[in-house]
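For reference, the structure I am asking about is given below.
All chains are identified by letter, namely A, B, C, D, E and F, in their written order; residue positions are counted from 1 within each chain.
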Amino acid sequence: MSFLGRSGGSSTGVNPERVEMAVQELDMITDVFNRLVSSCHAKCISTRYAEGDLNKGESVCIDRCVSKFFEVNKRVGEKLQSMGGNAPSGQSAFGSL
Amino acid sequence: MDFSSMNAAEQAHMSKVIEKKQMQDFLRMYSNLVERCFNACCNDFTSKALSSKEEQCVMNCTDKFLKHSERIGARFAEHNAERESTVPEQH
Amino acid sequence: MSFLGRSGGSSTGVNPERVEMAVQELDMITDVFNRLVSSCHAKCISTRYAEGDLNKGESVCIDRCVSKFFEVNKRVGEKLQSMGGNAPSGQSAFGSL
Amino acid sequence: MDFSSMNAAEQAHMSKVIEKKQMQDFLRMYSNLVERCFNACCNDFTSKALSSKEEQCVMNCTDKFLKHSERIGARFAEHNAERESTVPEQH
Amino acid sequence: MSFLGRSGGSSTGVNPERVEMAVQELDMITDVFNRLVSSCHAKCISTRYAEGDLNKGESVCIDRCVSKFFEVNKRVGEKLQSMGGNAPSGQSAFGSL
Amino acid sequence: MDFSSMNAAEQAHMSKVIEKKQMQDFLRMYSNLVERCFNACCNDFTSKALSSKEEQCVMNCTDKFLKHSERIGARFAEHNAERESTVPEQH
């Protein structure tokens, strides 16, 4: 992992909150990656499975699919932010506690 | 939910847990929304850029999903309130 | 959060089991809420997305959908209970350990 | 699964973990069952109450799902037992 | 639980890594079990729900379904292993960090 | 992701967390792959053994899914690299 070579922080000892946030970011990245894999598989891969290689059409489709997915990700993120970022408390199940 | 049987330390702990879960819930809702609206709106992969029609669809999909969730949340809260007022508290 | 104002418990210090159970209840509520959102979306929301507002038909459908979902929740819960609550150990994967 | 290479403290810890997971599994199975039977049985939203036909469907769906899970569990256990008897233990 | 009767380990105190691995194995088993239940339900169970019992055809289908599922599990496992076990780092989201 | 603002202890902790998550991710990918290829390839339950046609389908499905994931991973990495080079670091 590239980050092991860098020495950014200065203090010693683990700050639980900083680690917590990094773990949450990792989980988020994994979640997005898995949804991306699943969505683009549904959009681009024929389920006849006549061969094990990606054909030209599938490969091109995947690249465009990823690109569009990230654009959707950006648009949705902007939309949520424009709504004042009140979403975190707005539509969760805990709003009803 | 009823946290009244908890002492102050436990309540403080729970409010931290809830805060963390709300963040996780929000992130999960965000990526779920992206996946949902992408799947519903993007079906043409002859181009790598979103068409204006797709973009409009994504905006409407996001809008509608949030309003949908909000409405469900309101009904959900009513239901829980109703249940708590009829069921005697467990002590 | 409303519960912060109340002072129910008497002892001090965190009882891990009590907190554990409350966290489990929170997770359960979130899980039910998410399934409710997803099921009623599939039942009530047109995926053409011609507009961003809920129309009258969708709004009415959502209300009835939530109501029916809770009734199903109740019926299934009663059924599980009538089976003697032996379900927790009965059909889990750990039955085969 | 084989926990025989664990000491007593570890086994006690695992049995607590398993107990907690069984509870979580049960709750998950419960809400999964509700979602599954709701989706299969409720398709008419001209009324907010369950029709008797829908209720019957939900009861059958629940019954059948539990029997289905039980049967899968039995085959699953047989499969694991078979595998453990043929594969030498790792020590 | 059967393992409680056995006394395999010799040292006292909990080895976090050993416990961690056992928990991960439990999670894996549960995950496989849940996918098996869901897949074979989709393949074998009619969703008309005219009755609550499994009929003969459904019962036979379930048994064969489990058998085939495990065979697929084995084939896929062998395939992943034949690829040098480089999969863990290969296609995870963290490959892109 | 940028872990440069972390001290050595935090970075060491994160690399342990990542290692554990990679294992979990791999196991999850494995069972997801089994489910996916089983669902796509097995539709005949008049026999309990995989037919050679089904087996070939499962092999191709596995192959293709791994190549698919790899390609997605490559695009994902490019995207993240691009974003990091254009967005100023937050300090």
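Keep in mind that, in the parts below, a contact is a pair of C-beta atoms (placed from the backbone, for glycine too) under 8 Å apart; a residue touches a chain by one contact, two chains touch by 3 or more.
Keep in mind that this is a model prediction, so the values were computed, not measured.
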Topological distance between subunit B and subunit D, in contact steps: 2
Listed pair (E-F, A-F or A-B) duplicating the B-C contact set, over half by residue number: A-F
Centroid-based (C-alpha) most distant chain relative to subunit F: C
Chain centre separation (subunit D, subunit E; CA means) in Å: 12
Chain centre separation (subunit C, subunit F; CA means) in Å: 30
Distance from the mean Cα position of subunit E to that of subunit A, given in whole angstrom: 26
Sites on subunit C at which at least two other chains make contact: 1, 3, 26, 29-30, 32-33, 44, 63, 67, 92-94, 96-97
Multi-chain contact sites of subunit D, meaning residues that touch two or more partners: 1, 18, 21, 25, 37, 41, 59, 62-63, 69, 73, 76
Interface residues, subunit B side, partner subunit C - complex: 1-11, 13-15, 17-18, 21, 25, 37, 40-41, 56-57, 59-65, 67-69, 71-73, 75-76, 79
Residue numbers on subunit F that touch subunit E, as the complex places them: 1, 18, 20-35, 37-39, 41-43, 45-50, 54-55, 58-59, 62-63, 66, 69-70, 73-74, 76-77, 80
Partner subunit D, residues of subunit C touching it in the complex: 20, 24, 27-28, 31-32, 35, 38-39, 42-44, 60-61, 63-65, 67-69, 71-73, 75-77, 79-80, 83, 87-97
Residue ranges of subunit C in contact with subunit B within the complex: 1, 3-4, 6-15, 18-19, 22-23, 25-26, 29-30, 33, 36-37, 40-41, 44-45, 47, 49-54, 58-59, 62-63, 66-67, 70
